[in-house]
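Alright, structures below, take your time with them.
Okay, so subunit A shows up in both of these, paired with subunit B first and subunit C after.
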Partner chain A sequence: MTISPAINGTASGTASQDRRLRTAAPQSGFAPWKDPAKKPIIRFEGVTKRFGDFVAVNNITLDIYEREFFALLGPSGCGKTTLLRMLAGFERPSEGRILVEGKDITDLAPYERSNINMMFQSYALFPHMTVERNVGFGLRQEGMPNDQIKLRVDEAMALVELGKFSHRKPHQLSGGQQQRVALARAIAKKPRLMLLDEPLGALDKKLRNQAQFELMRIQEQTGTTFVIVTHDQEEAMTVASRIAVMNQGTLEQVSTPGEIYETPQTRYVAQFIGDVNIMEGKVVSLPGDGTVDITPASGDGRIFKAGACQGLVVGQQVWLSVRPEKFRISLEQPQSTINVVKGRVDDVGYLGSISHYHVHTEAGNRVTALRANSSQSVERSISWDDTVWLEWPADAGVVLTA
Partner chain B sequence: MRKWMVIAVPYVWMLLFFLIPFLIVFKISLSESEISIPPYTPVFDLTAGWETIKTQLGQLDFEKYHFIFSDELYTAAYWSSIKIAAVSTFITLLIAYPLAYGMARAPKEWQPTLMMFVILPFWTSFLIRVYAWIGILKNEGLLNALLLNLGVISEPLTIMNTTTAVYIGIVYSYLPFMVLPLYASLEKIDGRLLEAAEDLGSPPWKTFWQVTFPLSIPGIVAGCFLVFIPAVGEFVIPDILGGSETLMIGKTLWSEFFNNRDWPVASAVAVLLLLILIVPIVAFQWAQQRSREAGR
Partner chain C sequence: MKSRFSWFNVTAIVFGFAFLYIPILILVIYSFNESKLVTVWGGFSTKWYAGLLQNEQLMDAAWTTLRVAFISASMATVLGTMAALVLVRMGRFRGRTLFSGMIFAPLVMPEVITGLSLLLLFVAINFDRGFWTIVLAHATFTMCFAAVVVQARLTDFDQSVEEAAMDLGASPVATFFQVTLPIIAPSVVSAWLLAFTLSLDDLVIASFTTGPSATTLPMKIYSQVRLGVTPEINAISTIMIAFVTVGVLIASYMTRMQSTRAEKERRAVDAGAK
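And now, the complex of A and B:
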């Protein structure tokens, strides 16, 4: 959000092990991607997709594991939907191959990929069929007997908590109900792999939050591997076990939501997920205790301390990123002199539970800080034109090399 | 006030150009034929006063209708017209569906051009296009010359002045009226529905019957009515291509008017034709209404 190429101070950085502990994913324990013995359910091998001169997906290699809720996240045109459509079989890779459960499916037509089903953006429900016939469509293609289809349809409808609508047509349902039907239709075939293309994009915010948790419940209950495409970073953070952040057809980073947020690997990822303050600088020294000293590119000679990442060399160009909520904003000068900047409040955004502060620093940069409004103005609230100090721990700063 | 006038325009139009002419025709159908100008009696004289008109009204009767129903020629002509119209509608549908399907599936930038090709025949007079078929279908015409040269046949086929020629003429003339509504409904089908069907395990040909075809039914219905309704009363095509062999109500009507100069019978034939066509017209309106309500 705000870009700030100069902050003030130094700090003793805590090492990255610390960070990893803190960012352990909510479903701790489930991390098949860390287990080298585990075989992925999906494997993209050097997959490239070109449309004429345009490279939609550029040489992607990616493993997705069983029972994962995997999110492909990125702005429109980043190639996330193309990647999903190649998995469903609607697009054929220009190069590379796709394996599902060890089997090469690159050249299979969509209807031959019986263990993969997709929930479409805007649902693509058949308008001429009742809800029941929509949900049972996939099962009828298999030639399943009618009484069994009935059972499976009821089961799927119960799973998505959609009961009394089976004889209605899709246009007689609300958006939220249509979304459930679409989900039930895709899940009714009990696929090994469920693809979701912006499944909640058409819902309003409140309904969307509720639907996200429902997706997670269904994913857990059925044990299906889910791959979701979304441009909504909050949605990806909420539902996913791992997120792949995509940019112009390539993977920027594939990590758990926690890692993506706390230790982004590139400026692109840092800026795409949440708000961030970024300062351009240069490595001054590597004390060897897992920290790095950085001086701003503006060249005012100040030194900031942050946790080091691998492969840094003295003199290298880097970017220091600090999340707004990592700042401690105060009206009094803190005792520490490490990683402290002084500035003047330009703007205050009061959002009820939290407040945003836009601070104009002495070095002439705008920094965004964030504070939870935990007390009811017991302390004097910070206001426009106040002189404030921003302080942050060394391990809150992340060094980015790209 | 102005709103009222806007609403009134179509009603005034219908009154002047449909209802009043219809009432005149209906009145003639209840009259007696006579050798005079006009060739029927009574002729209402609105200046003669109410009493005269009342006497004249008393002279009207349904005798001509009785005559039409008792003479097999007319019933045969009605049946034959309906049969010819139904069969040609079906043939038109069989030819138009692949055409419309191909158009709807063609690259977007091609579609306006293809549409142009379908509409292009309208730039030439209908009458001239039907006459042109004589040159193709007659014994020494283009079609026979081609088939003889190719060795497909050894003797020229007699197509002109048969019902076959009428079928060809109707199918050819009304094809655009079938293609356009079909194209409109096929083009509207969301490609994601077809993808969803394929994703759920339906191969493309099954997807056609399970998704594309049912969703194109409103187009099929509209196209069939648009061909069937005018084809029933068709006069030009059977007259030019069908010769004396083809019995169609349009031709019967024409000969009653111009050969027999029996206006009352001709009017009664016309009124009955209209009554017969009201059924499909109302059905058509109902179908249109329904597909609009279904929101497709």
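And now, the complex of A and C:
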């Protein structure tokens, strides 16, 4: 499996077919969700889905824009797959509407949604058809002439770099090849919207990483809007332009991967994405310079400074979250007295490129700090039972209100 | 560990199979008997088979039986497949347990009861008894066998395959004929063969539901045997045995093919998961 930077071998395509494939990749400034003039391609309006008494999706309103690679992320049972299946037409919302390109598709059957195609977690290949007939299935349903189907199938197979297997049956292929067939079959109809339900869940880790970049390449080359469901936060961070973190049927946060990581809005999001240290506290004062002073709920009177988030009031209960890699860990007491805690090293986890330190602070908290092992034993290495100081800049601490 | 070979086991197997197959074997052997007496061996001959072709009554009965079996098996397969689809696909609907119970009850229902109740029904609605009443009766009692065979296949059928077809623009009807039916086809064929052979050798239900106009082969044989066994009966029975054996062999072969294919698919998916 190789990752080729450009599409090859589509000698067949007509001018209009090639235009779709050559559409340029989204630029780094790609942020249509910030542009109020931009119309979303998908709009969920107050969508709720109940199965009996169980609320799978609870009043979700969400806009997804053209050419986004949008990830629905959450643990199993959070409603992300239900949301995707409503988009494909396999589930009907109990309440609310779903609009695609301004058109209400809430009540359309899956086979009436010609501009939406889905790739299934189990791949759902047709076992009695060859790869070629699998990929051409959707086009045959449209009644396209055979010679055109052949061209489009070849094009889709070239896009996923799966040329020489066209006459095999699915059970004669490896898992990675089956995954490509499933992708080619969904993309062959050139949908405006491509839905992917845990598309890489069955692949091993190495293959999965390659396949993620491959998905991004195909998404950029075709200019299709992708919506992916995943429970793997690294996968979502890698491929997505924006991530919706879901929890028990609701949206916790919808932001870019960077924002999700650096400025999570809730404790749930902070803990779901990566490691984080969270301390409960109270707002003591708002000095007015864009920072906030917080005292721990344990009541030892210390004050920590953090970059403020909007709308805080003095006395409010908040949580201060600091990512492990934001700490500066040292054996000497730092000059500064702001945001410094003293502690003892409980545990060291050496991972080669980085080390994890579990520090027992004076106040009795357990804190995880992380340090890149950039220098080769120049400094004395930090070890068990060492007394250390952890220091972090004010803007590394994120104040959470929920 | 000791060898599993023991004289007791061998004896048990020999006697068991002898008990099952010696009567049939004798019947087959005596169908090639030159002598008219069924108990005396008078040399090898196929004249009884040739004689069958002259026996119009027997040939008529055989032809009726084949037509009944063909039509009723086809009806039973369609209905059984539909019942299996509903039971597997509709999930939990009100009355599902009752419905599935009612489909499978005829499997264990005494044939006399089934025959009698059908007879009473046909009499009550004043339906002329004859060829079509046998067809309907056979379709009724073989349908549940067909449903069981097809249902077994549908339970391990990945439903997302059908969803994928619909997602790619196939209507529910197109999905059924292009995707579902080809995948479950072997089980549908074996359901048909099972229904066919069941209908072929049924005596009780046919006797209850027939009228003066239609006689099936088992009925004909039974009535002739009461007047004394002739080698002709042996010959026609041998042909029926051959029919049923071939049918059962093909049905079990199809089922094996299907499970091999299912196994292959599973292994392919497992390979993907690794």
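Methods note: the second predicted complex is superposed on the first by the 375 of 402 C-alpha atoms of A that agree within 3 Å, B and C clash if a C-alpha of one lies under 4 Å from a C-alpha of the other, contacts with A are read in each partner's own complex, and residues count from 1 in each chain.
One rule holds for everything that comes next: contacts are C-beta pairs under 8 Å (C-beta built on N, C-alpha and C of every residue); 3 or more make two chains touch, one makes a residue touch a chain.
Note that the structure is a prediction, hence the values are computed from the model and not measured.
Asker: Using the superposition on subunit A, decide if subunit B and subunit C clash or fit.
Answerer: When both complexes are placed onto subunit A, subunit B and subunit C end up clashing with one another.
Asker: On the A-aligned overlay, A:Phe126 touches which partner chain: subunit B = first, subunit C = second, or both, or neither?
Answerer: In the superposition, A:Phe126 touches subunit B and subunit C alike.
Asker: Give one of first, second, both or neither to describe whether A:Thr230 is in contact with subunit B, with subunit C, with both, or with none.
Answerer: neither
Asker: In the overlay, answer first, second, both or neither for which of subunit B and subunit C A:Asp204 touches.
Answerer: Touch status of A:Asp204: second partner only.
Asker: Just checking: does A:Lys189 make contact with subunit B only, subunit C only, both, or neither of them? Give me first, second, both or neither.
Answerer: Once the two structures are laid over each other on A, A:Lys189 reaches both partners.
Asker: Check the residue A:Gln178 against both partner chains and state whether it touches subunit B (first), subunit C (second), both, or neither.
Answerer: Second partner only, subunit C.
Asker: Looking only at subunit A, is it subunit B or subunit C that touches more of its residues?
Answerer: Comparing touch counts on subunit A for subunit B and subunit C gives C.
Asker: Please report the subunit A residues shared by its interface with subunit B and its interface with subunit C.
Answerer: On subunit A, the overlap between the subunit B and subunit C contacts is residues 88-90, 109-111, 113-114, 116-118, 120-122, 124-128, 137-138, 141-142, 171, 185-186, 189.
Asker: Subunit A touches which residues of subunit B in the complex?
Answerer: Within the complex, subunit B contacts subunit A at residues 190, 192-193, 195-204, 206, 210-211, 214-215, 294-296.
Asker: Which stretch or stretches of subunit A touch subunit B in the complex?
Answerer: 88-90, 109-111, 113-114, 116-118, 120-122, 124-128, 137-138, 141-142, 169, 171, 185-186, 189
Asker: Touching subunit C in the complex: which residues of subunit A?
Answerer: Contacts found on subunit A: 88-90, 109-111, 113-114, 116-118, 120-128, 137-138, 141-142, 170-176, 178-179, 185-186, 189, 202-204.
Asker: Give every residue of subunit C touching subunit A within the complex, in rising order.
Answerer: Contacts found on subunit C: 158, 160-161, 163-172, 174, 178-179, 182-183, 261, 264-265, 267-269, 271-274.
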